[in-house]
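A, B, C and D label the chains in the order they appear, each numbered from 1.
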């Protein structure tokens, strides 16, 4: 393989993985903007989306084989169920754990979402065990060739789904009343309240949207990589790093951050060391934090933080 | 009418309002004046539910609104123009106005907005009052000048068709010439036949534009009466600048 | 001097400390069960870890979700220095503490400019990087399959070999940790730390160099953790990266939270409570769901974390004490003014 | 020595976004003086206060304290120079006892570090005893001695204010900055505060005061500086500024700004 092809190959792989990071980062940003909370359980939504879709799609043995499920729905229906149930989980998380503690300190809120991540991860372990799971590729067929580099059909799906989601979200936030209401809440929660907008209702909505987007990320990636119950944490951290790189409160930045992180990882794994691939994102995190947080990011905080939500 | 009966409000340990009673009627402008920290803004926040009263009653046309959530109070037609304007800086001028009608579009405020056309007409009414906002329609509110933001904040509140309009320090931080424009606008608001409560540090201007006034000092109403009488009272100056110094 | 001594003897901390020390010293006489002795020893280790975190989180108000990093540094320093570099085990233990403290200090210089979420994530990242190093640098660490043959410590020519030996040794260090920490908390530096937790800006205006204090506390908590790590490595003789994961870090957070974030005694209680619950849950889950494997107990841990933070953010020990006092305080005026009710 | 002021703020500027919060403000605090910084809402008092106490650095200009430039230093360094402050929205250490709060204020009077504290070295013990004694004397001065062992957060608001002042005194400052000390106090508490501030001044500690309560300012200040729209518009004795037409206009506004009300126009 020529150097040029190799570079394109790494780039394509990076963009594919980066799309997933971008979606998770968007999930972070959506919740953070409206509520000022960083949800450490974010990555678990991706795991749940994938696992639920798989369970609906194929015969599954849950609870260490004590519970057999054979729904065998078609893939689109299974995926839909994955997204819907995960969204409900997200909404439940807000109602049961976040809303009752909404006046708590940041430290408490971090611990609560960490606790939530543990509960979700433990429940996933109990239900699905430690086995790796995979969905079949959405459309089987030979991979595409781009300048000699290979792009699998599933990668095309990943990138396309990300692109479509971005368009939908853009439309939602900028063209619908509800979307603008969410933006208003992120911008100035106090003024939003004076308009008769309920910040708690908006926070619930943010959790719903965020968990749905992250669940979709989990579902589109699971045909190309195995999903295990403990992937949530790594996905959370990568999504968070992507969000930070993009400025944390900026959706477009989150997408760019996600894709650049994916590309960086892909090149790092290819040229430096595949074993330390996961360390790359944290080194990026440390650098970004050191360089930028001393300055404007820290002072600004999110709207929710200012309002004490 | 708006009635406030013996209302007290605290922030944590600090009692910001101590047994305040007052009333206001549609079509009149009532000014609340007093030195910094006298409790003027707290009074507005207590009416709008942002800082709930600890005791006492607030009645709007005979219906008790004390301790309802701010959202419910907005639904009943109490709209506040907050201190320092608080426009949605990252949204366009038009979107800011649209969100001002949020409760009406959700069918909870009166009269409800059922279609885009009604909304459009309402926004045009605001543009007629503030032509500059129409010019800036697509601009982000954060890019507006202070005076324009104040107009937008007032326009946004009017989109809610308020029965009670609470104006918190509309002249704060604005250049003197702009302050004049803002007071001109407040004077015109009398025509919409709403109850208008005006909190102002510029006591002289506030009393000139108002029909009646209340003077607050450390959370209590210490003087009340027709605005013209208050304006002529030397005790006002003492309320602001203290007893005779050395 | 005599009065001072009496005053000290009379302090509840000292009495509690003495009772605890006596009880622990006597325990092996009555317990003839290696399993229980081992569990008690592990409680001592986690007491040290939890106290380190309590000082950091509860007193200095800084969050760390990566305390297992320093636990790991201590353990692997003990293993590597004493075998590969030929240092004596005691020196290796000390070296591990210094190394962990130094790493914390340097890292702290970078990450303590951060607040809240960022700090939490950065400390998580720190833990993940350590885990990667432990699994990747196979030549030094033995990789994922672990490191065998960590030497035993010895005192005055006597090599510590039995579980009971280590029980005494590790509890000795744990009690020292408790004593030192109690002293620190009730001193000039302790007040500075608590002030910093309560209001950083106010502490700063009293002339407290908050930046330096955070670093020092972080380094101290790291040294405590490394001490626990070194003792742990020597006690078991075998270590593997899986003991130093984020799960372990969160478990330490959980212990601190259960005990109350700003309570030294709470740390011991939290460590004991969680370890006992953990043992119990492992068997309970297996009997509920036959064939289940893995760390399902984290469901319960997560739930405990959430419930405490939602309903009793100061932690069980502090929170329960406060609730009780509030109840008594509520009752008093009722009794004084029966007509008022 | 006596002709150089204790603190001199010269030509301070501070801009927040598009707003000039502090615009070319200069003034001086003499030794043994109570200086009040007043002005209507949004005049820039608090920002000026923050520039002096080191919470913010000025964009331009400098603050000289005892012949040393303190602007741009960290608050802890400024405290070491002999400048203490209180906060408008109280920043007491609520979980600590009143005594511990004030002992935290004695921080600079001690040197014991982690090691000395952990091992309870005799040096640390003696130091601790000395600090405790000092702290108690400040509590007696402010009338808080009886509450010494109560958690500071459990005190009524007025006494929490006093805890902050006692804590500030414990820094042993030459200049004490008080940020709206009377806010939230009732009338008797304010009068007690009057007397306390005068006593502090009589001990030789200068006081710089930002305050809304004009009765308090007019009763105790030696010198008053008036800010409006970020600029200094007047200074002088209380009686002088009270009679100053610019000050009156700043506080009460200009009625030309408003058009006359409708009825008046109709009549």
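Annotations for the structure displayed:
As a working rule, a residue touches a chain if its C-beta (ideal position, glycine included) is under 8 Å from a C-beta of that chain, and two chains touch if they have at least 3 such contacts.
Not measured: the values here are computed from a predicted model.
Look at the CA centroids: the one farthest from the centroid of chain C belongs to B.
Of the two chain pairs considered here, A-B and A-C, the higher C-beta contact count falls to A-C.
Chain A and chain B have Cα centroids lying 42 Å from one another. The distance from the centre of chain B to the centre of chain C, each centre being the mean of the chain's C-alpha atoms, comes to 54 Å. Centre-to-centre separation of chain B and chain D, using mean CA positions: 32 Å. Taken as a graph of touching chains, this assembly is arranged as a ring, one closed cycle with exactly two partners per chain.
Here, these are the chain pairs in contact: A-B, A-C, B-D, C-D.
Across the complex, chain B meets chain D through its residues 11-16, 29, 35-37, 169, 171-173, 176, 179-180, 183-184, 186-187, 190, 200-211, 218, 227-228, 231, 236-237, 240-246. By the touch criterion given at the top, residues 19, 40-42, 156-157, 160, 180, 183-184, 186-187, 212-219, 221, 224, 237-239, 241-242, 247-248, 251-264 of chain D touch chain B in their complex. Here chain D touches chain C in the complex through residues 53-55, 74-76, 78-80, 84-85, 87, 91-96, 100, 103-105, 107-108, 110, 112-114, 117-120, 124, 127-128, 131, 167, 170-171, going by the rule given at the top. On the side of chain B, the complex with chain A involves touching residues 48, 50, 69-71, 74-75, 79-80, 82, 86-91, 95, 98-100, 102-103, 105-106, 108-109, 156, 160. On the side of chain C, the complex with chain A involves touching residues 57, 61, 63, 65, 110-111, 113-118, 120-122, 124-126, 128-129, 132, 135-136, 246, 250, 253, 257, 285, 289-306, 309-310, 313.
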